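Listed below are the structures to be examined.
Here chain A shows up in two complexes: once beside chain B, once beside chain C.
Take a look at the complex of A and B:
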């Protein structure tokens, strides 16, 4: 028989078709249904032939919490991708997000409640049942509550957002403890305080989509950021598609500096000097935005004219010449001038900043100076500038109606007088404050998604305190992993990974349109792990104060079914199927401060005008007992006055202005801060030298820390895909600093600070400036399982075939052993970048 | 074939013709020849097409009374495909040789793969289909459905859908048809006593070869 040709096929096809269409032939069909070709993996994978389910959810490997989708094949999560319908993430996630799967299937996961069997920290554990664990914990909690001391239960969390914050918050309130800790001061709490002192509610969105120029002080936004993927991809688009220029000031050639149009090396902690000098140049060149000055507070007088304000700012800035700034920052005066003028002319332009600039002794005023640079050029809350985010408004269950009045131990704000306005608390001091004992000590110290030992400075002291049963009678760790802190617990309650739990989420959308999204489980919690949110519902029930919802899933369901917009779109079922929602009719939010306050709002009972600030406020929402008391104390000094804020009088008008949050600031954009003046700090943004750096010897170096793009600060090295890429972090030193010390790349070195010493190896490189030594965070774990540290967790499994393929046996070093826990005197921010060290050959 | 089909573009027409051939061949192997089916095959136009492809059945096929011919064909079908005794099992897992895998037995690894593959596209086995998932006729019927879906995609100007169909077709042809159908047909051609199955096995083989070329075009 000959080969079938196209022509032969045609004839045969027609003839076969004729046979098939005569009818009566289909009775014997073996197959039913129809072929589905929908993209997006709706039902099955045509590529692998495996049954496959697509589930929309949200990341949690870092705080960015990108909306994402995951694919489950035969009950196993096999891939995570960005959520294509997310207006934040635009379908992208980062390497850290994709490697989240490793968090789920980490062979060193804690899968059962574990109770300490030997001495604390000895590593001996026995498995107990959940009932046993909750009977023991619930019994202790109930006893404290019944004795009238709920405040002796301290809850300290590292990462808690969205509905997790709400649910656990409801539990703690219903229990009656206000003794809480968070982690923001080791992150960027100081930046937030500086923003609260200037424009109210913290968080700055950088409007890369619309900007024409980017000026960056100490942010490595292309590698790590609180809104990393949503923000960094827009930055890349702006630069690549629209040719936007970016100038980065950093002590290090970070990924971001390397991708910038220009990297300008700056000495550590001297960004503020450069920014102030730039402000001076812009003011003197007359390039300031006169219209925006209407909303700026620049002097004590709330009724000052624009000319008076301009004059006051110019007078204050006169001291900050570019030549002066050159001497202390190392940035050439001519460069400061030219970039300042470029920035001021390129409207809209955005100035961005992060820990490189703010995690210093003078960080508060560096951030305030950055706010000033944005404000005087009118790049505040405008398309393309530094923008206050558009928040979303989830509705959710409130919990029991009758909650006890909370009691609390003052452990979270450091020692008395340590910081003027620690609005995001001083959590790196908590263990020290507990050790000190004057503010009391908790009987139960529980931590959640947090590693007090590793994440703060002074690791050894943290270990010593946490180990001491006299100081810390009962340690409870909520974690999916056996990390350095879990090792010092008395009880470990196994949380699932975030890929196994429910949440609603609400992070900032760079589009200035709020996005609502949920996190839903891809698989059932492994082993006996239980979502802590479900556990607190259970504990509350056991103690006799049910929260009104039984599970996190129920909480999320009710929230989806009642939140306006989502409700109409289909509520919980819609969100389960789609993962994300935003109002298609919403417009991007800008210039909110220009909105006028309606006359009726000013006539409401209790609303008075504070002459000193020009703020209309409702004294009844504050702690003032009478109108007379409120008037006498004034808006600025009355506790909780900000809760009654109505508007800012400017001339004959009353505007919504820059609404206060955290502190009683006025509705102006405050460059002049009465609140700082009260506490004897300069009212206008001012350069302050870093005390330790003033006393440095010729061989001293400044230790700086940083993050890389494939690891999270302290909880990702158990992810094998990430740690395979990044598991060693030699100390980076410029040849100009290394040569006199006789140090070459690969040499063993010692890095010594006033509190201790670490050993590592040197990498001599020009990617850091002379005078510093740079050691990344992330590494140097001594627990956290085999991928992170080489140490197997107790009761860990061996079911990961990749354990055989692990080829690295270096785990890097952790710089925090030698970094003191030391707060910024204004806001309490941990001063990560100020430590003076000596480097020697080992 | 209707005139509207003639007016369709080449890609859609091609997909439809391939589909119809798959459908025809699926019927050949599904069960013993029925009188309806026999009547259609005996249609001179169909025989003409076969003749062009150098397939000419013998005089018995053309002249024997229908009842007798159906009996002969049924006996041949049973002898070839059903047993009892030595026969050529029309299932992929018997013929598809694989390394490190179960083959040469009924309901082997290939059976599971075929079942999953077919179900992965959204199709399912009829509840009253009692055969094994990897029967030759099921695989051919599956291709019939896929190519029919491809035709629809072309008609809808859904290029992406059509490409997706062709990708799935290619995968199935390469992973499931090519590795065993030729060898299977070869065995039939050797064992068959009547030209009917011998020649249609040859046609099946040639068609799969055509498909291999076509899908890589």
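Take a look at the complex of A and C:
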């Protein structure tokens, strides 16, 4: 942020600051440097010049959750900007964040509790009071709980992070249901599982500030990412200011590919072949990092020497020649070789990956191969590499002491045997599992910040199940907007927009120094909307198990006033005024795995050495009933053994290593996975063909989906400023594929998969590879209000002068109608990018 | 007949009105000379560093919010065009806003001002940061001595001639406001460089939000400013033909582009536009 001195003198009309700089040697350039503009932090009304009131808060429009500031004029939020003092966001937000105001003032917002008045899905609603709503819902919830069946209350959430996750989690635990669903498998759950299998805790931070080279497999980081603003702006700076090269492998010329030094087109789902061939070239050229191999597990033997490990990896990779990879991926062998060697020599270098590479049948091992590429070159947890994030440590209220033992229905992990390690669950199968009924069915299905109908594949089946009162007796929707799922609810509880609620937040900082920040309301919740976090406090009170705090604001206040560092800085009052805090003395966190475990920790009661893996672990923290049982079962096969993980023995030393999280892996960086071997999957990262793609006919295409820079997956099309720019999404086809089908730009076409057909328009373009059809997944809403779909919500108002200036009447198509809900066999990730389709003129 | 006379007379007055401000058209004159002339306003310009533009459109949204620009109009957009044959496809981005033109070399009056029937109007004083005064004339659309092309809606008749005159399509009717002099017509919306912010020492909204830092705004009369340094490094002033939009129009635009990938040599950059909405606002992703 640019600072100005003599700020008071800066008003141009009265500026006389030049006096201070005149005289001396710079007389002829008296004005030089006399007007330095501040980057932000203040805003004024263009009409009156009056300063607008600034309030610090945090975004929520995507999971990045940037710290931001907003400006209020006459009681109305008018403008959002980045938080200048944030070490993550550096004063920036994106288009989607800035357009969040449109959601607050969306004329189609649900502002009052609504009860279904007609048949389910018929669109007839009756406004009711909060008391009536909570009496009804609370009564049903209490009845289930009193009958000993709290598990028949299912809670399915989309985005729920930071204090929202804590507060709602406390409520669900205190109520006693473990029947929860999340949404991670339709995002990047598979990537996380692959990381848990290799380096333990999930999430990879990309250290663009310090890197010298970037390899990108299937991430559109410049348009959308789980840590978009903090990472993408650093990526631009790295490329322009330091000349860092970036090579992007993608099926599509995304904005990221367009801005990369080089775009390398790759066939869908074949990134893994390229990565494995690169690993082979690097190993054979001797460009691997010998020191890091000490921490790698490459064979069954935990005591293998580096030479043995190198030999094992080389032997495994021998099959993956660049020529072989060229045939599969379409990437020229020479290109694979040259990029591999450049990457290996450019240390530190970072390899990044996302859904383009991992939302496939073979996504688990593609991500493991990417992890391998980073590991063999020593680009793990180092400045400039692929880094494990530094976490926040908020202190917060724990809720009631005597919580019941939770009961749950097993609905979230798909059908038996569908995936080996669905550590982030298989939520896209939940409605199917409910329909099947063998694992039971919830009496109350409640969803929050989530749209089961639209966000998953197979929209029609989702609708059919949610509509069926025999399968789903009582649907409760928590939402601020009338979306496709809300339309199938029995009760809608009006949540405010995120610009009207409290939270503390904790997302990853690319600085490797944790940043603490809060979200505070810019305005009071509109209408009778009530933050769901406050509602659960109320519900708990009504059912007789108060949570120990009455509102989200109180929860955030106590957290700020008790968390070390923030407390000393001034607690809640400090955070309300400043929005963000980080420890100014903190040093960036790298190389955590190299830390030695203290001898005392190994002597604690219950700590034993598992010979098979070299892991020291405390069996008492697992489900083992005795030391003998723990030893007999072993670390890998004992349930919850990871909870007792202490350290990894390597030679004569014990290191913190790559601590497990989610699965019982060792403390090594596991290229060799005993856990996968147990489940009959290849232990080392291996190329696996995609079954459907093996059987494709000459006219078949692969459907690929993507995000654009100005829409957020399923929930931003009610932002008029975004949808004004993006409200149509013709299917993109390369001329090489379109010409034989006689398809030209503007033609009406049908896109047909094994489960259905959509009609759309073709755009014949050089920006996608031959063999695919690319359709973005933001549009094609049939509810969500007038800006999104042209359809007015049944309870909508008309309080937006722009309604009469809306000029578009196309709303695009949604590809999910024809994408099956189908999991990666290892991790359960929804296979968004594998669908085979036929395209014909309509 | 009388119309012709009017035009001529107006032209003369205009030229006279611009004399004082002409001194401040210092972007075209080396800084030392301008300073020697006695008074010097800043010369606000924008440099678009296209190496840094990622097509995110945050600028467009920030501007919408800053001014509450109604649907159907924009003050700034980012254009994009797919060029080349697969697999050598490229996609340059081209951010656009009012060029805050200096005006042709003969009279230093940009076409929007020249064609405004409500210019010139009252005498105004512009006080420079060194405490001196530059006199200029305001109007429904006018140029301030620091180079900003501004609108005073109270004079505006909503005739739309400024919209027609601008080859960049930088102007549009604001369907939510009435023109000051004729309430049957709409007023005009265009980029003011966030005059209300810079006058109080804060960068324009689009610059504030630009995560790529592709929009660099500053004083070309200050040799130490980032825009001056970029102008020097990339010879932006010297090579106007390669650093500005539609140089043949001779409007002397004061938005400059650092353009290593030839975005200015695309169809989207070579075309004249009627209004901002006629740019391809299409977002590819």
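As a convention for this text, the second predicted complex is superposed on the first by the 792 of 842 C-alpha atoms of A that agree within 3 Å, B and C clash if a C-alpha of one lies under 4 Å from a C-alpha of the other, contacts with A are read in each partner's own complex, and residues count from 1 in each chain.
Definition applied: a contact is a pair of C-beta atoms (placed from the backbone, for glycine too) under 8 Å apart; a residue touches a chain by one contact, two chains touch by 3 or more.
Just so it is clear, the model here is predicted, and its values are computed rather than measured.
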Chain B versus chain C as contact partner of A:599, first or second or both or neither: neither
Partner, of chain C and chain B, that touches more residues belonging to chain A: C
First (chain B), second (chain C), both or neither touched by A:265: second
Which of chain B and chain C A:805 touches, first, second, both or neither: second
First (chain B), second (chain C), both or neither touched by A:35: both
Residues of chain A that lie at the interface with chain B and also at the interface with chain C: 2, 4, 10-19, 22, 28-37, 39, 43-46, 49, 51
List of chain C residues in touch with chain A within their complex: 31-32, 35-36, 40, 42, 49, 51-52, 54-58, 60-62, 64-68, 70-72, 82, 84-87, 89-93, 126-131, 146, 175-176, 192, 194-203, 205, 207-213, 217-219, 221-225, 281-285
Chain A partner contacts - residues on chain B that touch it in the complex: 1, 16-21, 23-24, 27, 30-31, 36-37, 40-41, 43, 45-46, 49-50, 52-55, 113, 116-126, 129, 131, 135, 137-138, 141-142, 145-146, 149, 153, 160-161, 164-165, 167-168, 171, 199, 202-203, 206-207, 209-210
Touching residues (chain side chain A, partner chain B) in the complex: 1-4, 8-20, 22, 24-25, 28-37, 39, 43-47, 49-52
Footprint of chain C on chain A - complex, ascending: 2, 4, 7, 10-19, 22, 28-46, 49, 51, 78-82, 91-95, 97-99, 101, 220, 222-223, 229, 232-233, 236-237, 239-240, 252-256, 258-259, 263, 265, 706-710, 720-722, 724-726, 734-736, 765-767, 769-770, 776, 801-802, 805-807
